[in-house]
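Shared between the two complexes below is subunit A, which has subunit B as its partner in the first and subunit C in the second.
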Partner chain A sequence: MNYEKNLSIGKVLLGILTTSIFVFLVIPTILAVPMSFTETRYLAFPPEGFSMQWHQQFFTDRRWIEPTIFSLKLASITTVVCLVIGTMASLALVRGVLPGKRVLHLFFLSPMMVPLIVTAFAVYGMFANFRLIGTLTGMVVAHTIIGVPYAILVITANLYRFDTTLELAARNLGASAFKTFMHVTFPLIKPGIIAAGVFCFIESLDELVLVLFLIGTTKLTLPLRMFSEIEFRITPTVAAASTVFIIAAIGTIIALSFIERKEKKIGLKE
Partner chain B sequence: MQAPTKDPILRLINLEKTFGDVVAVADVSLDIGDGEFLTLLGPSGSGKTTILNMIAGFEFPTSGDVILQGQSINALLPEKRNIGLVFQNYALFPHMTVFENIAFPLKMRKFPKEDIQRKVKQALELVQLSGYETRFPKQLSGGQQQRIAVARALVFDAPLLLFDEPLGALDKKLREHMQLELKEIHTQLKRTMIYVTHDQEEALVMSDRIVVMNHGRFEQVGNPDELYEKPANSFVASFIGESNFIEGTVAAHDQRLTIEIEGGETISFKWSERIQKGEAVKFCLRPEKIFFVADDDPGGSVHGVIRDVIYVGETKRYAIDVGRSKTIFMRQMSTRIGQGRQKGEKVHIGWHEESLRRLSE
Partner chain C sequence: MKLFERESINHYSMLQSLLLAGPLLLLLGIFYLYPLLSLFPESLMKEGHFSWEHYQHFFREPLYPFILLRTIRIAVYVTVICFLLGYPVAYFLANIRRQQLATLLMICVLLPFFTSILVRSYAWIVIFQTKGLINNLLISLGLIENPLSILYTETAVIIGMVHIMMPFMILPIYSVLKNLDRNLLRAARNLGASAAKAFIKVTFPLSLPGVGAGVMFTFILSLGFFITPALLGGPKTLMISTLIEQQINRLLNWDFAGAISVVLLLTTIVVVAIFDKIVGLDKIYKE
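Take a look at the complex of A and B:
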């Protein structure tokens, strides 16, 4: 009896916690969606009327399209670079015979622990010397610095679980070291690589601090465009941009869960 | 060491492997005949898997040579050796179907598509799993997975097949069934097979020849009945089957050989070969070769008291104290009516002289 009572109090508390997380964290995010449909020229809640003009503006106005394309380009290149470096580093950290492997592992993860503003300051000073300020290359390098630790974190976890006798089996069956990686190792750590890729992409797409230091004067990223819009005018286009972001995020989650379901079906994942 | 019946397909010549200070395999040589089923038998850590790994190319010998079909393969990468290998944990590729798994070695060898189809089909028929092509490994039972692993190792017609404790993960019933099935495949294909196991029963059932290993060395090489009937030393005698050991120094040798055993007691029995007084000796005697004799048997028997009778199904096991500190175990078929003895009974036991084997150490 007593136990049941405790349980119900616990359940009530859990319910309150869940509800407040939802109210304070999720709802403000979702509120951007109805606000983006307002007819007014300013952000209003509740929205007045119904209009798609702000979404239309986001997809047609050069001042929005160019930063969006630039951000996607930056995030895509960063993701590829992060995954190549992250996979190679993970293989070395898990499989390699290296002195001080643990220390090296921590060193590779250290950019995650250093405050972003410190990294930004350091990178700014160095990049100025190399004339990398205001270039796509410079920003890719900067985002790679913060993206690689995420990639290593996820991919090494996958590699530690990986049964290396599968690679021996492949070699025994006539596959070279390279073919073994392509046909056996890569397909099996691919879920980890995809997850790492999503992390790196979002990290880069979302990042503002490093961009503020390195952007120069010619280009804008989407978060920076939104930030300056909010600073000066607060038009509903910001809400429209947010809506697009939210839909993209939900789409990604659905896509990932489909991949996961397929893997569960053939027993790749518990 | 006994020579194989046919030309050796594989020769191990003074093969040695050390890991730091640890000697995993110590200077062993062996010829393996074409079509032979040879088992490397030993406890874990005896170096049997290390030998297999050196043949497969996963380990590089510290010294010595591995000769396959007349050519040294020491410098060859694993993928160039063309040797089939079945792993203990199956090592099937979980992201590939049964068909893709078995086709993998053929694809790597760039076989044409029709040949791959045909050979995979044949291999599946051989392991009796036709119709499972589209399944994934995780959708199969342990026994089925192991059969797919066997099919994958067979499908590319390697002249030599290696098995690394392939049945270790299966339950007893299934293991015994798979032993016979593998034996059947060996008879059908006449392919040379080297089998690694720590299970002496499995080794006896399956092998043409057995190599008993301990601490990286070959203790004895021989066919199953040789090893059982004529163990070369006490390790082999105790590792294969059950043994009584009678160990001590010769106190007298006239009609009977009298040995002073541990604790100052003596035990005496018939032994023809002359042994000097004072010499240290060790004998091995299988429990099933001992029998009860009548009290007045003149042939010379050993007196004892039954300490324990253990019923183990088809046989009964007697523990007989023949002295304060010496117990001899004997085994009798349970079906022998009227021969059953009780606990505490005074008995005389005997054996034929040729059942007794003197060991070198």
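Take a look at the complex of A and C:
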């Protein structure tokens, strides 16, 4: 029939269009990888020669290692804090009695929507009052504010998704609310909590605007180190640092796909 | 022992709920909500007295409203382009039959999503710069003689931002299209609708909740976006976020920066309220 033919032409066009969009999405994302192996001291494309010197510099130069370690520490602590208080708040929102739940839910999600530069500017005074500027604690607080919405979003979605029969059974058999959470709810939402943790970790590791305002003068994070390097002189070490980020991103996706497979196994997703 | 009914079950009493939500409420209350609300009275003060001066300054000088309009314009461009490019990708992803290809393409969407914004903006510098990828390519093809200056223009900012925002558009549309009831489409086709007509009358209207979510996230994030305009833009592409940073770090004009922040915050709130009316924010977090 005639429309069959039209359909296949349409499909081919759609295929070509989407393929070029996929190329547009991927090339700039991984461009830093080949560039980081250049022999030259400046950035040129295509890269000239082959050398590992920029990777070596990244992994041996204290000016790069220290910010990297600080960023990893910050992201790890932020993730734990976000998951603990985020899971607690999600339970209250979905399974608890609270006045104004809808408003509260939107309030917990709102740091995602407020422009980061506004948040950064607004909280500066309060952070200074508590002497949090330039401290690890201060950065954890700042990143928790913007990381917790991701935790709430993912964990409440998980809690809404499975029905309450199992929890009900546990409660009616005499388990306390806490015991029900530990033995029934938590195992069920564990994949969601892990996914939320990945989001919080990446968000903190990548975040620059709050850091720019609240880090003070004594410490550096990896994104801030890269930012100042890009602003003043563009060296291939930034490309080497980027390569590390990209490998971390690929690792994240692989980890998440494992979680999804596990979710399918226990029947949370069809 | 009291038995819990299915409908009435609340595992946590009001007190327990408050204790559970307490730490987050306290943290956000002290370190987020109170400072944000304080922006309003503080921006209306000058030397200890009530004054509209910062706002008068903002709206009297033609430059500042112009920057606000430019910010909104760029956000609109980015959102429209993301929608036009993102919808076909989401549609394609949702309709692929070969599982391995689907996984591979999903990785193509997720990889930028999880890769540092800084890394991606940096890549665009490399692509756009005078001796960058595009200029080298065009010169070697003989299409141009002198390198184009793309970096630090509005075009560079828009392209860079589209690249950052695409996953925020693709993922919500994809998730709606993926869960669509195929029988509706089959029914339309069996009743004689052409592929195009079935798409316009059935698939597209049903995908609108995903489109709404994608458009809202892209637009709001674009309005307040900082890193890409700061790195790929120049003085001629100043947006509200880069203006705030400039007032604080270079001109040390904190009070005025506060007033601009309020303008940006109010713009964002208006946009969110409009989307709440049209799409309903509940839908976004309940899915």
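Heads up, the rule we're going with is that the second predicted complex is superposed on the first by the 245 of 270 C-alpha atoms of A that agree within 3 Å, B and C clash if a C-alpha of one lies under 4 Å from a C-alpha of the other, contacts with A are read in each partner's own complex, and residues count from 1 in each chain.
Here is the rule we go by: contacts are C-beta pairs under 8 Å (C-beta built on N, C-alpha and C of every residue); 3 or more make two chains touch, one makes a residue touch a chain.
None of the values given here were measured: they were computed from a predicted structure.
When the two complexes are overlaid on their common chain A, residue A:K179 makes contact with subunit B while staying clear of subunit C. When the two structures are aligned on the shared chain, A:T218 is found in touch with neither subunit B nor subunit C. Of the two partner chains placed by the overlay, subunit B and subunit C both lie in contact with A:R171. In the superposition on chain A, A:P187 makes contact with subunit B only, not with subunit C. Within the superposed three-chain model, A:D206 lies in touch with subunit C and out of touch with subunit B [touch as defined at top].
Contact comparison for subunit A: of subunit B and subunit C, C touches the greater number of residues. Comparing which residues of subunit A touch subunit B with which touch subunit C, the overlap comprises 165, 168, 171-172, 174. If you check the complex, the residues on subunit A that touch subunit B are 163, 165-166, 168-176, 179, 183-184, 187-188, 266-268. Of all residues in subunit C, only 1, 3-4, 6, 9-14, 16-18, 20-21, 23-25, 27-28, 30-36, 38-39, 85, 88-89, 91-92, 103, 105, 107-112, 114-127, 129, 131-133, 136, 163, 166, 194-196, 220, 223-227, 231, 241, 244-245, 248, 257-258, 261, 264-265, 268, 272, 281-282, 285-287 touch subunit A in the complex they form.
Within the complex formed with subunit A, the residues of subunit B that make contact are 56-58, 77-79, 81-85, 87, 89, 91, 93-95, 104-105, 108-109, 136-139, 152, 156. Contact residues on subunit A toward subunit C in their complex (touch as defined above): 3, 6-7, 10, 14-15, 17-18, 21-22, 24-26, 28-32, 35, 43-45, 85-86, 88-89, 91-93, 95-98, 102, 104-109, 111, 113-119, 121-123, 125-127, 141-142, 144-145, 148, 153, 156-157, 160, 164-165, 167-168, 171-172, 174, 177, 180-181, 202, 205-206, 208-209, 212, 223, 226-227, 230-231, 234, 238-239, 242, 245-246, 249-250, 252-253, 256-257.
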